[in-house]
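Here it is: the structure, laid out below.
Chains here go by letter, A, B, C and D, matching the order in which they are written, and residues are numbered from 1 within each.
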Amino acid sequence: MSVGRLPRYVVRRVLQFVPVILAVLIFNFVLIKIAPGDPALTMAGEWATKEQVELVRQKWGLDQPLMTQLLRYLGNLLGGDLGFSYHYHMPVLDVIMLRLPKTLLLVLTSMIMGIVLGTLIGVYSASRYGTRLDLVASVLSLAFYSIPVFWLGLLLIIVFGLNLKLFPYTGYISFGVKGAFSVVVDVLWHMVMPSVTLMACLYIPVFLRISRASVVEVMKEDYITTARAAGLGERAVFMRHALRNAIVPVVQMVGIWMSQALTGVVLTETVFSWPGMGTLMYTAIIMRDYPLLMGIFLITAVWVVLTFLAVDVATAYLDPRVTYE
Amino acid sequence: MTTLSRTMVPEPLMSIRAAEKSYRLRMGFMASLMGKRVPEIRAVEDVDLDIGKGEVVALAGESGSGKTTLGKVLSLLEPPTSGSIWFDGLQLETLSGREKRRMRRRIQMIFQDPYESLDPRFTIFQTLHEPLIVHGIKDGGVTHRDMTRDVLDRVELRPPEDFLDRYPHELSGGQRQRVAVARAIILHPDFIVADEPVSMMDASVRAGVMNMMLRLKNQLSLTYLFITHDLAVARYMADRIAIMYLGELVEVGNTDTVINQPAHPYTQILLSAVPIPDPTYGRKRVAVPGEIPSPTDKPSGCRFHPRCPYTEDICRHRRPGIVPLVDGHLARCHFALGVQGGNKTKKDRSAG
Amino acid sequence: MAAQVDQVQSQFVESIAPGGMGRTRSFWRVFAEKKTALFGLVVMLLAIAVALAAPLLAPQGPTHLYDALLSPPSSQHPFGTDPLGRDVMSGIVWGTRISLLFAVGVAGLSLLIGVLLGAIPGYYGGRVDDLFSRFFEVFLMIPRFFLIILVVAVFGQNIIFTAIVVGMTSWVTNARLTRAQVLTIKERTFVKASMATGASHARVLFRHILPNGLYPVIANSSLEMAGAIIIEAALSFLGLGDSNHLSWGQLLFSAQLHIHSWWLALFPGLAITLLVFAFNLIGDGISYAFNPRLRGRG
Amino acid sequence: MEDRLLLDLQKLETRYSVGRADVHAVRDVSLKVHRGETLGLVGESGCGKSTLGYSILRILPENGRIVNGHCLMEGSDLLSLSEDELVNYRWSKLSMIFQGAMNALNPVLRVDDILYEILRAHKDVSRAEAMERIKELFDLVGLARDHMTSYAHELSGGMRQRVVIAMSLLCNPSLIIADEPTTAFDVVVQDQILAALEGIQDKLGIGMMLITHDIAVIAETCDRVAVMYAGQIVEQSSTEAIFHAPAHPYTAAMLNSFPSVRGPARCLVSLRGAPPDLTNPPLGCAFAPRCPLAVEQCREANPPLEDLTTDAQHLARCYFAGSDAVTEAWSAEESQTGGAGG
């Protein structure tokens, strides 16, 4: 727990992750290269002549051996160059930077609300362990978790968008909105349905169940019995002894879902036409925009690594048995 | 020093010479790639011991003394890191895989926890049957079912038919341990390593299992290495007692001698710590500082010197060899003779 | 530690402590104590019955074109018809077969690969374990759904191929559960006892370790089936389904395009949710029945 | 003697519901513990001795309940206290040392914080005052003060058990119930813990109830002994009387089943069979099926806990109590089994 070791630990962990990211990149690179279809052909367009296709091939270095292509790609990466998107005719990094904030806005908002709500209900449910309320909470959470996000999204659109016309259901902002305040309100308005979908089908059930399960588990520990026997009131037992221990699995679950924040919401983004990373990835795949795809993979991998690291640091902070080793 | 121990037993069934078992600590993949030195634990070091045919030798010590590891090595569960083990004239490390498998028929093991040592998904018959299958015993004139019935009868689980098709969870702890003993004797072994076989039982059941094991020893001419942390149990079961501390044998001798005239300070302290089931006895408590250190970080010189009441300078830097006393009694202490003879003044520090 | 990321559905098995108990007889009793798990079982059996009886329940087949296009639910078409005049209920009835087969195929493949790949590092430990664990970790860093979309979009949209892809990307949870179980059970005394009698590695692994340790994998397989049904639906929903097989997801795909015909979305989605819910309940029940730690004290 | 009375258990009965059945874990137990006295409660696993301890503190698991009896602590009945009153009562009057200290300390809290928390729940103390008290107790149980700021996982098993003992003393209780405080420890550590407990008893003169299965521990530390079998007290007396003239065949068997490192080598007695199923306790004496003395009468009616003296100093639940048959019962049994000895 000594904070002094933290910087060294972070550096070491980041260094450890470099080969992992490299492995992910190479894997994706190879996967894309063995895919059927000729990217040069796709890029040059359907009506291109043979010469034009060759020209494109040469321009992008697609005629080089695979190894050379890979090395060149990695070399460019070191220089901060993620390549150029065929489809958007923009540098890959720029395309991603346009989309990334929108996904983060949607996902982080929904997730934070989901974590808070889910954990509160879960902990309350655990404190009433075995009661009817607890049973209802745990069955309902599983039922909601079983609903496909895109289906709930579709139903919400049909009911609240088309019929009741309460909320907008495509995009993240209405056309022609001006002024900071109006923009914020408009974006929030657009976020309501996608957020509700994400929270209802994923975040609330997941955090409800994990927090409930870990509190229930902790309450069976001997030190809880000891604390009770020692005359600590039920409240103190719960607040001081149970929660601190039960929070660790919840934090790890936050890490798991946070690590999937960028790509885990492709379906929700698709249903609500939210211009985020999910829809971008889908477009990149359908359009065979390989440089963009590689860029997305890279950003995703880095994101995953960072969230893992954050969880490890948080776990070591919360649980003295885990050290920064 | 090896020759000394050999004189103890005229016709040893098993001879252990300079046996050592060390483990490498697991470390991260990355760290091992970076070529960091792997830390090592020497769980057993420099052990010489002879076990005579028909003898019961108790191996006693605290947890962390390495007694279970030595038991695993002797029961062929794990190979020694160095040293040699001779069994009935054969050197075990030189055996081929097939010979080793055949050797397993002659060396069996009984484990501590009867709730753990039987596969919960196997019936008693399946459990007893397994060694017969593994060693390709013919299911002929005497059927496997007969053999299992016979061993159940020997371990006093009667009538055997009532037990064959039951599952372990339907039996009591004592009954399970009897099944474990039955499994150990079904192949007619010569030597049985019993690792704390009675330490998890209630006293009244424990006495029954101990008595049964002694009876089986006589009936089937078995030899036991009986591992225990309880010197009272060791005294009841054993002909000879060997005391372990931090991976070494510190004292070996006949049961009466070790119990009544211990030559190693550690043995004395162990004995003085055993409560006596007699309210009038008035035991003298010899306080010993600290607890047994971790085997990763053993003290220099005599392993026991930081906790020993008689420590002198030599103990801190020189590791004592084995000192022979009368009648095959050995102790690893610079002052073995003095301690036993009482020349050293006891620094009793009765607590309370 | 880094390997905590798991498949989406795995958090329900995470709480299963390694270990194992093997009272097959009491298993059903405990499982039946959980009414919700029984409900899941009933729904699953019902789904199987519907799948088997599809020719009786919807004799015209799922692709028969009726005259009524986009008709709302009526006595003739209880769940309505789609823009081509296909009966939605027939589609759901026949789609049950595809969903179930897909789920079983995916879970089976994932089980096979997972148990094999998990048993090796668990049993041998040491370097082998380090190597495999690292491999699992790297595999977990690849966004799974992303990869499935990529492979299916690029290499083709055959449903069997899709099942294989999904199965091959979902084994990691099984492998990690198996590894953890084998690692623990290997150290248990009854395994040591079997080794001491001279039993072979194969015997020890297949007769003692795996039978005692597979229950989290079994529980996970049920969740895996739930996940597979959702993934198939999701792929179809994105237009990456197999157009030769009318699955529930395919029905939803067309619903997306005819958003005013609410019945197109409602009924297939309900079917998916119900079956997924059932598999989740069953998985929950299995871990509950097998793991004494999830139950109360005493 | 009576003015020194601390705990007076009267006809306590505790049951667990398991499935549809009830396990009669504690049946009609009456006991007294006095100030300055250590009472040993001895019996084998499943005899109800731990349940008795939990019942007194009313910390039974969810499926357990006390169905009958009184538990008078310095005159007030613990069983009639409300949950709130009980919270204050626990630890300030009556504390417990649990079996398995390994898990009795919260792994994510520092030892001093755990202790401070408990002290604060009972007394209005500043942190500094609390730390003084904790230091005092650490000295008393023989723990170095440096360990105050440790986490549980940084301590050895023996040290953790000392922390748990210190914890039980925090609020100056008048009675401590120690449930198998030395089980699972090696003999040297066990001895250190026993020494610490004896030291506490000498210095503080409080009442102590020591629950154990080990009669050697009883012999060395207890003034009086109660022997439990199948949920009942079968014999109760001073330690000397029990060890020298056991009046119940079960006590006699227990005494003869323990090996010792001192005294003459002798054959050990073992019991056949198992204790009765307590979902359906037998009508007669619970020990009868395993007893060599059992006669028809034993199987038909449970013998009462009879006073062998005039002042309730030696009680035994056996029709043969006090006769020589009891002490000789097992020597006959030994020759029967052939009694292989060491």
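The rule we apply is simple: a residue touches a chain if its C-beta (ideal position, glycine included) is under 8 Å from a C-beta of that chain, and two chains touch if they have at least 3 such contacts.
Please read these numbers as outputs of a predicted model, since none were measured by experiment.
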Contacts common to chain A and chain B (chain labels): C, D
Chain pair, B-D or A-D, that carries the greater number of C-beta contacts: B-D
Approximate Å spacing (C-alpha centroids) for the pair chain B, chain D: 32
Centre-of-Cα separation between chain D and chain A, whole angstrom: 55
Rounded Å distance between chain A and chain C, as computed from the means of their C-alpha atoms: 22
Between chain D and chain C, distance of the C-alpha-averaged centres to the nearest whole Å: 51
Chain D: positions in contact with at least two other chains: none
For chain A, residues contacting two or more additional chains: none
Residue numbers of chain C (touch at least two other chains): 296-297
For the chain A and chain D complex, residues of the former touching the latter: 221-223, 225-233, 236, 240-241, 244-245, 318-321
Contact footprint of chain B on chain C as seen in their complex: 20-24, 126-127, 130-131, 133-134, 188-200, 203, 208, 211-212
For the chain D and chain A complex, residues of the former touching the latter: 57, 59, 87-92, 95-96, 98, 100, 103-109, 117-118, 121-122, 151, 153, 164, 167, 170-171
Complex interface listing, chain A residues touching chain C: 17, 20, 23-24, 27-28, 31, 35-37, 130, 139, 142-143, 145-148, 150-151, 154-155, 157-158, 162, 206, 209-210, 213-214, 217, 220, 249, 252-253, 255-256, 259-260, 262-264, 266-267, 270-271, 281-282, 285-286, 288, 293, 297, 300-301, 304-305, 308, 311-312, 315, 322
Residues of chain B touching chain C in the complex: 26, 28-29, 32, 75-77, 101, 104-105, 108-109, 111-113, 116-121, 130-131, 134-135, 167, 169, 180, 183, 187
